[in-house]
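Two complexes come next, and they have one chain in common, chain A, joined by chain B in the first and chain C in the second.
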Partner chain A sequence: MNSKTLTCIVVLVFLALPLQGWGASYAAGAYGGFAPSLGGDLHTAQHYSEFQSHNGIDGMNRSMEGYDTGRIDRILGVTCGMLFKTIFYDYYQVRIAMNYTWGYFGGTGKTVFDDGGTTRLLDCEYSFWEADIPVTFGISIPFWKDIRIAFSCGLAYAYADYSYRFESSTGQQWKGSFAGWGLPLVIILEGEYFVTENVAASTSLVYYKGSTKVLKDGSDAGGTDFARIDFSGYRYSLGVTYYFGSI
Partner chain B sequence: MKKLTRTLLIIIFGTTIIFGAAASVSAIGEFAIGLNGGVTYDPNDLEDEINQYNLAMETYADTTAGASASQMTIPYAPVFGFNLRYQFNFFFFRLGCHFSNPVQAVKGSVTSPGGITNTIKIKTFQSSFPATLGILVPLNRRTHFYIGAGPTLHQVSTTITQSDPAGALQFNTYDPNLSSNKQDRYSSTFVGYHFIVGAEVPVHEKFTLSVEWIHQEGVSPAVENEGINAADAEVTTPKRTLRVKGDFLMFGLNYYISF
Partner chain C sequence: MMVSLCLPLTLRANDVLGLGVHLGAHHNVGYVNEQDTSVLTDPQNSMLLGLALKVNAAFFFIRTGFDTTFPLNQGEVLENSGQVEKYKLNYVAVPFFLGLRFPVKDRGEFYMGGGMAYFLGSGKVTLTSGATEDISAVNYGYGFITGVQFIVLPDVRFYMEWEYFDARSEAVLKTQTANAWDNFYIDYTGHRIILGVMYYLL
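Coming up: the complex of A and B.
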């Protein structure tokens, strides 16, 4: 995280503090969950030029009689994070969070590819992690006396690191490594059930849409590659939120 | 064109019936008008295409000594619109329109070792007219969540301009899907669909504030190019489709009308 981002967070938190005068209440929480299809299809230029795949990891899945291949699934990520939010004028919510998401399942397998007219086995391994800071504004509506449902949207500062490593049956290797940031659009639907006056169990569904610029491969094996990192996708989380003062 | 006229007639006819019926029972239903503003990412779903041009430029700059490239960015665009809504118990019907157009030019360039620069610009515009039928989940008067879906009439235009397509990198030699024309211009009017999720709270007796997410999908039929090739001759090929898949984040100020 660079100093500019850190400054933005501090400024946002300080801007939220004077809202106390508007009957604002504050809350902080932590949560964990999962992110299907982390990084999207993970396509790079070399997927097409070397391995005949137009759509990244999806197009890499092939099988052939006599070859012991294994499916390469898209990456299922695990995510965790912390949030700080302010609710003012009863309904309006500003929410800032910090998330870390990393690949947990999928992204490895064996396929076949056409190596200059010869079919060869290829071991594939993808890895991906991402850190992001979404800032959203929206509406939080209390239902009955112990439920609150919020809908908010905004932008996130997102940084990700994506790498792959392929090795053919002849021992030849291809590696790609990409790191970059983007500002994806963020939409959050979250629900809270108050188990005490100040503590709520929370659940959220978050949608990201956006990507980085085209990035140059930072590795030194298998030729130079280019890719963009895709932040688009859904995340589902469960957590706990603590309200500083009854709401 | 016939299909479009038929669709418009169906929308107008359906609206007349619904609002006509609604007017007769206005004692138990409510009308509201709203102004909306917000933002969308990548209007007209150009991300893949921009990415292909960027890949071509970066690969060329990397493999050609002395060449350089500047990528195009995928745009955020402001969205403005208004809507008219009738709500009856737990249901609502809404007619709206919104317009989006990137404020900043989508612009990139590639320069050959000899110093010849080809600047590529993309201009795009979208106007959408969604008709939504949905349900409201109320808490108090004028405090509710809502969810709905329906058809959308889209009017879309995309223009790709290159300053010197024959001078530096010729994009179609790198990837046959890319263009090496001076200008490629496509426009179309077609019907897609959308869904809306939103929340609304009161700010005054008759005013409410809303926040909503509109997701829309739609693909035009293949349309002719109204372009100019590198030799300044008019071209009509290649034909292509236009897509409107995208997400809109909208904030709205709504006014309830009493009769």
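Coming up: the complex of A and C.
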């Protein structure tokens, strides 16, 4: 992490600190949900040069008569996290969270590829996890004492680890491993239903847009590869938020 | 007698079970330009016609139903390194969402949910050779729904929804000349906008 990024994060965290003079109230919560198509298409340079795929996992999703192939689904991620937010002047909020998201379903299957003029079966396995700290600023509108609807946007410090392992029917293996960080744009739509004066059931829809810079393969099998880890995509979550004081 | 007459009204006030009919739209059906990034497409747009069933329990809701599509135009590949010239994809989607609802007194409600859908897809792909291939696939995908309902009459709501699904099939057709395998899949991924009317039975 360079100093510019660190400064950016420190400033954003500072914005989320208690704002005593502004009649601020505070809340903390936890949530869990899912993230379809985690990591995007997971494309790397070798997907094209070795396996004839222009678009990562989608291009690897092939079938051929006479070969026992199996669909390779995009990765469905499971996500969980904690949040802290400050609401000031009744309608404005600063929200900071910590999320961990990992591939739960998909990302495995059998395909075929052209191995120097011979079509061969290829076992594919993708794995992906990500940790991120989104900091967003926005509006939070209360409806009577029952509901809050919030919309906010900002940036996240996101770190991800993506790896793949392919093995052909001849036993030859290719591995790729990439780890890096980025600062994706984050947009959050949240709803909170107050079950008691201080406790709310919450739901959120979050969109990330951004990626790392191009990363070099950290593994030592199957040649050097390059990839850009994509943080873009939607996440849906359900959770509970506790308000330290009535809204 | 008085109690039995009052009971339906009481249940109606709870907005427990709604049945809706809606129209919608889905832009860029099939995401063909994402399957082969070297092509430029005039994407297919489809109209959706469907039924919605919504069950409310306190601040939770379940939303299911089905949607069927009617292509407004067939997709066309304008500049092509592959073999696809035109395509027309149809599907029936059976979604299931679970989420939270936020009733706004006397006005309606806002709701957000996540879930999955089953897709029964089919279509025709016209290749550059002039041949037309029929394709079909059954798959599931994951997504979310965000909607608002406005009270029009005591039991009738006007609703607008934004749905997003991420789903695709296995490869079902060969649309390239370089290799021998099937590479073309039905991609149901995308956003849908829905407008409809819901009648609350209970």
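Going forward, the second predicted complex is superposed on the first by the 229 of 247 C-alpha atoms of A that agree within 3 Å, B and C clash if a C-alpha of one lies under 4 Å from a C-alpha of the other, contacts with A are read in each partner's own complex, and residues count from 1 in each chain.
Operating definition for what follows: a contact is a pair of C-beta atoms (placed from the backbone, for glycine too) under 8 Å apart; a residue touches a chain by one contact, two chains touch by 3 or more.
No experiment lies behind these values; they were computed from the predicted model shown.
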With both complexes superposed on chain A, which partner does A:A28 reach: first (chain B), second (chain C), both or neither?
neither
For A:I149, using the defined touch cut-off, is the partner it touches chain B, chain C, both, or neither? Pick first, second, both or neither.
both
Who does A:S63 touch here: chain B (first), chain C (second), both, or neither?
second
Pick one for A:S211: touches chain B only (first), chain C only (second), both, or neither.
first
Could you look at A:F226 and tell me whether it touches chain B, chain C, both or neither (first, second, both, neither)?
first
Touching partner for A:L189 - first (chain B), second (chain C), both, neither:
both
By the touch definition at the top of the document, which applies to A:R71: first (chain B), second (chain C), both, or neither?
second
Report the partner of chain A that touches more of its residues: chain B or chain C.
C
Please identify the positions on chain A that touch both chain B and chain C, taking each partner from its own complex.
143, 149, 189
Any idea which chain B residues touch chain A in the complex?
39-42, 47, 51, 54-55, 58-59, 62, 71, 73-74, 76, 139, 143-145, 197-201, 209-211, 213, 247, 249
Residue ranges of chain C in contact with chain A within the complex:
34-38, 59, 99-105, 110, 112-114, 141-144, 146, 164-166, 168-172, 178-183, 185, 189
Given the complex, residues on chain A that touch chain B span 45, 90-92, 137-139, 141-143, 149, 151-154, 183-185, 187, 189, 207, 209-211, 213-214, 216, 224, 226, 228
Once bound in the complex, which stretches of chain A touch chain C?
33-34, 36-37, 52, 54-55, 58-59, 61-64, 67, 69, 71, 73-74, 76, 112, 114, 119, 143-144, 146-147, 149, 189, 191, 193, 195, 201-205, 234, 236-238
